[in-house]
Each structure stands twice: as C-alpha cells, then as structure tokens.
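In what comes next, chain A is part of two complexes: it sits with chain B in the first one and with chain C in the second one.
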Partner chain A sequence: MKREYHIPTSSFTEEIAALSGGEVIEKCIQCGICTASCEVARVSERYHPRRLIQKILIGKRKEVLESDLPWLCMTCRLCEERCQEGVSPADIFQLVRALAAKEGFVPKVFANAVDLVLRDGWLLAASYSDFIEDEREGMGLDVDLHWDDTFVQRLKAMFLGGA
Partner chain B sequence: MKMAMAWGCLVPTRRSLIGYEAATRKVLNHLGVETVDIPNETCCAPFWMQSLDFTTSLAMAARNLAKAEEMGLDLLTPCSGCFHSYMRVNHTYENHPEMREKVNDILAKADLRYDGNVESRHVVDFLYKDIGVNAIKESMKIDLGEIEIGLRYGCHMLKPSDLLNIEYSERPRFGDELLEAVGVRCKEYTGRYRCCGGLLRGTQDDVADYILHDRLMDAKNANLDGLVTVCSLCHIQHDMGQKSIKRKFGIEDLEIPVLHFPQLLALGFGYSAEEIGLNLHTVKTDGIVAKIIAGASKGGVKK
Partner chain C sequence: MRMKEILLYRGCTTPVRLSEYESSTKIVLKELGVDAIDLVNANCCGAQFVESLYPRAHAALGGRILALAEQEEKDILAICGACSGSLKHIKHLLDSDESIRKEVNGLLAHEGLKYTGKVEVKHLLQIFNEDIGYRALEKAIVRPYQEVRMAAHYGCHVTRPFEIVKVDDPENPTIIDRIIQLTGATAVQYTSKTQCCGGPLLAMDEELATKIGAGKINNVIRAGAHGIVTACAFCQIQLTQTQLGSESTVINRIPIITLPQFLGYAMGLDYNDLGLYLNPISARHTVFRTAGEVA
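Then we have the complex of A and B:
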C-alpha cells in the first residue's frame, strides 16, 4: 500500500521561506515545544506560538497579518533554544511583522511606541520625568544626558516609508 | 583597559535604575577600567523597530558602534536590550556582507561609517571574563556572606546563544560563580530563569502583570533576602512593578528588595547604599543592606 504524507504548505509559507531567516519555517513539525516553553502562552489564551506558526503553514495570510498576535512575542527565545528543528518563532514573527507593517497593519499600541521613539530619538523617553535631576547630581552623575535625536529624525521617513 | 560606554535609554533615566549606572561606573573605576561615554548616544533600535525596517534599525545601532570605532574602543553596555542590538549589527555584517554598504549609506547621512571592528560586551559578562573572579574577590572590602539572593540572568543577555555567544544553558552559572566567590549565597528556585514579562510593559500591561505576579511569587516562596538583576527590564518589572502587583493581586506581605548586579559588588567594595542609589529603588533595600553591614561588623570586614 502506498503511504501518503501530508506536508503542510501554502503560498504564505513560501512567501516567508523566501525571506532571509524565514527558510526554517518549513522545518516546523508542530511539536509544540515552543508553546510549552512560552511565558506569554502560560498567561494568555490567545497567543500560542505553535498555533500561530500553524496558521502560517496552512496559509491564513490575511488573518495572521491583521492580528496583533505576532507582536506579542517577547523574544525571550527560550523556544528557539529548545526547538530541535532549529526553528525560531521570534525570527519568523519578526518577518511577519515586517510584512504586516508594509501593508499597514501595525497594532495601535505598538505603532504608538514606535512613533514615540521616532519622535524622541529614544525608547520610553517619557520616563525622563520619572526622576529629578538632583538625584543624578547627588550621585555625581552628569545631569545633561546629551540625548541626540537628530540622526533618528533624519531616519524617520525611512521607517515610516517602510524602506 | 579602556571601554566606550553605551548606557541605553532606560538606565540613566529611571529612578530605580540610576543607581545601576552609578554602581557600574564605581565598580569599573574601582577595578581599574577606564571608561568614556559614547558622545550623543542614540537609540539602539530595539525589538519593534527592527520589524518596521531592519536595515534602518541596524544603522541606528551602528551609529553608536561607529562612534566607538572612531575612538578605537570596544563597546560596553549594562543594558541587555542594547547588547542584543549591537551584537546583531556585527552578526549581520559577517553573515550578510551586502548589508554593510546599505548600513553605511544610511550612516553617511551623519558623516559616519562603521566597518565592523568594535566588539560589543555586556557588563556582567565583561566582569566575569575580562576582569575575572579573582581580581574582583581581591578588591572586596566587606564580606557579603550573610545574604541569600536569587540571581536573575533575564533573557536578552544570553539568548539566542549563537548570536550573543556568552553561555547558553537553561541554568547558566557564570554570574553565580562570581557572586559565590565573594561570599554571596545564590539560591536555586523555581521560575528563576523564566521571563519577567518586561517587554510587554506599556503595550500589553495585563500580560506583563500576570507574568510578573508569577515571578514575584516564585521569589517570595523561595524566602530570599533579595533579587539581583542584570537586565533593565527585569529591574523595572520586579522593583518598580512590585507595588502594583501587590495591590492588583491583594498580596499583603510582598516586599522583595531588588538590587542590580554591580550594586551588590559596589557594596562589597565599600561604597555606601546612597552612593549607588539604593535609596531610590521603589522597594526599600534597607533590610538587605543592614544584613550585609551586620555580617561585616561581626568580623566580615576583610581589609
């Protein structure tokens, strides 16, 4: 009797596999060690990395790109270290986010976070208000932080244009 | 030995992290390492920035590396997120040489160029490998032997291990080895190596809270004198986030002091709690400091 194998694939899988760093997705055997290792999956019913990779494998392109799930990976990369097939969900979701961003699907909270970096030149610059300058001075630290946002300002158009 | 310092955006600007900067400066100075701050440091383009435009994000990190390269120095950072961004630049240069010119085209906008000659190091790894356990042990003035702590390595200093190239194991040891050499007892406990949820702080606060709750309960159940962190996000979570977890989950007796790795060493080198910003932490550190001082006055003073 001829054996039959199911090799899950889709045009979306091929699209990801064609990107640098995305090739590994075709090696996923859906064992679930990623979800078993994931702190976010432990507290969230929605974000399970194995399930998200499965959606890519079976070609749910629109659903995946429009979802906020690829943005919930905290890149702790424990799953990547444990995966026996060498798959990195963190890298795959980064490629997915890049595609989503190109097509205009950046979840609002993350878009806001990035906008702030591009505006301030720094991540979480709002936290500057969190301490008073006397506290730096008191420990002999420079009060002027010499933040430079001019370089980032020049790059702003490249980011927003998704160059 | 001289290193170019990249402090990142969290360490110099968060009330409970300023002491991380102060302690790192004091510890390096005490150990004879000369440092120079990277002039007008810019954002390293972490995480989500890399998704939006990988090449541009590399150029942002490469800008600070280019400044270090101009000075002919290697780069040292206390921030695990920054460390990851800088390591990513050299890794990409080596594995995708075509990216070099793309990055340099962007850097040219700031009249800079980066040729990949700067090695990036994380402060804790640098202390262990370049300074060494023996030199640190010999610089100690106070014995830290009275305390038992939980050392948290965090995620981004070590993983992915093939990129960051420090050590990978599910139970890393080098930090424990260093602290144990100066008398600190490092306790093994459940949840010690797990993620703290810090990366989703500000964007998915509920998820960040639930994960932090579990980490704090892990630490509480381990009956530690305190936690010791190496990652800025771990510290923001465990120290600054502790009050809100206490309130949100109704845990009355939650009071775990959180120290940065260099702060603990600085105490051993004889610096006062105020000099290294321990009084600025959200959770009071008086208890663990008093325990160290009491231990030292019992005959633990070494020199």
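Then we have the complex of A and C:
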C-alpha cells in the first residue's frame, strides 16, 4: 500500500524538498513535538521550530530567508530523535541557511566566523595568546598548534570565487 | 603491553580555552594503554559556521582531516562534540555520496592526500566504552570517591543522531554514568539530562544561551549533585560560564569537570597534573574533599 502524506503545495516546500536531505519536509504533520522538545523554544517566544517549518510549508520564502530564526536552531537534534515521521528540522534549517547565504542573508556572527576559518585555517587564531602558550608549555602540551592555512585558500578559490 | 595509538584532533576551542581537557585526556588515556598523538597540519572541521554557509566546503574541511589520518594509518579521537559530530557526518557523507567524494579528493590531490574511508572517528566516550572497557577502568581506580554525587552531561552532538555518531543510547545514555559509578561516586539522575547546554546559541543570542544553560544547572542542583561531568569542550565551557555572568539565573554555583579530570583523580593522578586548579568553579572542597591516600 502506498503511504500517503499531507503534501503542501508551496513552491518553497518543493524547492527545499528537491535538495538532498530536504525531502523529509513533506512528511511533516505539524504535530509540534519539535517545539515541545526544543530548549530554544522553552526560553524564547520567537523561535518555535514547528511554526518555522509551517512558514516554509505555506510558502513564506522571503520572510524565512531574510529572518534570523533558521539560525537559532542549535542542531541539538532532540526533536529529530523524537519525531515519529523522520523529519529533521536541523537538516531542513541547514538547507535554508545555505539558501539564505546564497542570496546574501547571513547573520554577522556566522559571516565573521567563516571569514576567520577560511583565512587562518581555524577559528581562534586571534585568541591564542602568549599567556595560553605558557600555560600549555607548563602542561607539557605542544605550543605550536600546527594549523594548516593553505587548504582554506584553495576552498575560497573554489567555493567563494577567488582567494 | 603495546600501546594502542590514536590521533587526537584537538579542534579550535580546546587548545585555546581548555588545555586542561586536552592534557588530562592524554594523561588518563596513557595510563589506560592508549597513546593519543596530536594530528598535525590539520584545519578547522568547519562545524556550525562553514557547515551552514558552504556545505561543500565543510565536506572538504572534514575530508582533509580524515585523509590526514588515513596517511598516518590511525583512527581519529575527537574530544569536542562539535568536532566529533561534524567529522562523523562528513565521513558518512563521503562514504555514501560518490560525487562529493570525487570533488573532495580532487581538492586533496594537490597535497597528495586521498579520502578512501579507511579510518574511524571516535569520540572520547567510545574509547572508554569500546577500546578500554569498564573492567580495565575499574581496575585503575585506586582513590575511589566517597559520598560524592555527580550528574552526567553528554552533549547533543556527541550522542545524536545515533545512526551517524553511534556512541550511546541517544535517549538514555549511560557511558558517563557508568564511569561515575565505578569511581565510587553516585551518578545522579536529573530532569533534562539529554538536553542541550545552550552552547551552540552563544554566537547568535548569548542571553538565550545563558538561560538554557542555567535551566540545566538548576535542575542538577535540585537533584542534589556536587558537580557535573562533561565530555565536550563546548559544553564544559558553556556550563561553566552560564553560572558566572552577572545576569546568570542559577540558584547556586556548581563545579563543571571534564570526564578525564574526574576519572583521573580517582585513578590516583595528581590534582594539579589534571589541571583541576584551572577549573573556574573550584571543586577542591566539595568533589575532591575526600582527597584521601592513594591505595
């Protein structure tokens, strides 16, 4: 017997469903176990994963891509663990983030962190002080962290259009 | 006995903000027959940030780390949940998607590296559970805790999604609890045990992240624990700093201790060698108050 789902028809849903890993959005029955499981939703009036998925289902493309809500998911995957339909809000919101990034909507903290990683090869080069070096030396740990900063230049050229 | 060798992928956060976790991991594992060797010339795994903006670049970052380990013919040990989760996701992706594997290998070919899927990524909890085992851990305890009650915090990216990370039961994890018990302490159960520390939200909204962390801390305090044992650099830092700010809503302060520090002390290792003096919320007179003689 062929399983039947509630399949919304918004073009935004179809756009997400066409991406690898995004097809699960069509299985969402809006039961709300994601919001009930969500630590962010517990402390925030704004971010409720069920509501955000619903906005995608009904086709609020511009509103969702320009919003910071998809960036508030902690990807803790507790909701995914509990969803009996196999929907992963974390995966869906990651796809939404990448889509938003393509269209130029990226929260500053994310843009800054990516800039650092793709410049230095790692995130915390600027925070690595002499004080920490001394502390590490005292513990018998390597002071030179041996990060590679050349591979990221190649990634920039390939994925960001120029080093 | 021949030492088992594994490559330690330190990640970005641990060596800068939590050297005592790195150091105690190495000391404790060496005592238990595992030599954790630094993986050098690595790059950031790209978790959360690169992952969100450029998924294919994220795959390349992780793929390069895995390929470096292949070159050394050793498995990878990650002690941060974000790193272990990210590397396991990328391994899963590269093993199942030929086109992305080809793209990554094209990028790696410049430096003579290749990803073929030969090495495993293990989180620290797996080393204890799978490589060392509880019998050996039990034998190593020479200074058991007395009347110490500890709460285990596992870390979301360490245990979920199970199909990819394969560490412990995601709804009822037990590895840290078992280790707490065999050190002579009591593993305390508390509400919200498998819930997030709030760490991944720090960059976007520190206020919300702190509320989430404080909620967890208060649940642990209400359950009557003396401290929390962690197995992720991010969780360790977040659960500590969520208690320190002037805006913090915790009902009391409670020490946060990494698993190798907690275990190492029961194994008779020195308080200072384990870097316990660096933990901002001291456990000197609570958890380690029974600093008894080494048997």
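The working rule: the second predicted complex is superposed on the first by the 143 of 163 C-alpha atoms of A that agree within 3 Å, B and C clash if a C-alpha of one lies under 4 Å from a C-alpha of the other, contacts with A are read in each partner's own complex, and residues count from 1 in each chain.
Just so it is clear, a residue touches a chain if its C-beta (ideal position, glycine included) is under 8 Å from a C-beta of that chain, and two chains touch if they have at least 3 such contacts.
Quick caveat: nothing in here was measured; it's all calculated off a predicted structure.
Superposition note: with chain A as the common reference, chain B and chain C are in steric clash. When the two complexes are overlaid on their common chain A, residue A:Gly59 makes contact with neither chain B nor chain C. Once the two complexes are laid over each other on the shared chain, residue contacts for A:Arg154 go to chain B and to chain C alike.
Once chain A of one complex is fitted onto chain A of the other, the partner contacts of A:Trp71 extend to both chain B and chain C. Of the two partner chains placed by superposition, A:Gly32 touches none, neither chain B nor chain C.
When both complexes are overlaid on chain A, the residue A:Ala101 reaches chain B and chain C alike. Across the superposed pair, chain B and chain C both touch chain A at residues 20, 39-40, 42-44, 71-72, 74-78, 80-81, 88, 94, 97-98, 101, 106, 109-110, 113-114, 117, 121-124, 127-128, 135-136, 139-142, 145-149, 151-152, 154-155, 158-159.
For chain C in complex with chain A, the residues that touch the partner chain are 10, 12-13, 15-17, 19-20, 22-23, 26, 38, 40-44, 46, 48-57, 60-61, 64, 97, 107, 110-111, 156-157, 160-162, 170-171, 194-196, 198-201, 203-205, 208, 211-212, 215, 275, 278. Interface residues of chain B, counted against chain A in their complex, comprise 9-10, 12-15, 18-19, 21-22, 25, 37, 39-43, 45-56, 59-60, 63, 96, 106, 109-110, 155-156, 159-161, 168, 170, 194-195, 197-200, 202-204, 207, 210-211, 214, 274-277, 280.
By the touch criterion given at the top, residues 20, 39-40, 42-44, 71-72, 74-78, 80-81, 88, 90, 94, 97-98, 101, 106, 109-110, 113-114, 117, 121-125, 127-128, 130-131, 135-136, 138-142, 145-152, 154-155, 158-159, 162-163 of chain A touch chain B in their complex.
Within the complex formed with chain C, the residues of chain A that make contact are 20, 39-40, 42-44, 68, 71-72, 74-78, 80-81, 88, 94, 97-98, 101, 106-107, 109-111, 113-114, 117-118, 121-124, 127-128, 132, 135-136, 139-142, 145-149, 151-152, 154-155, 158-160.
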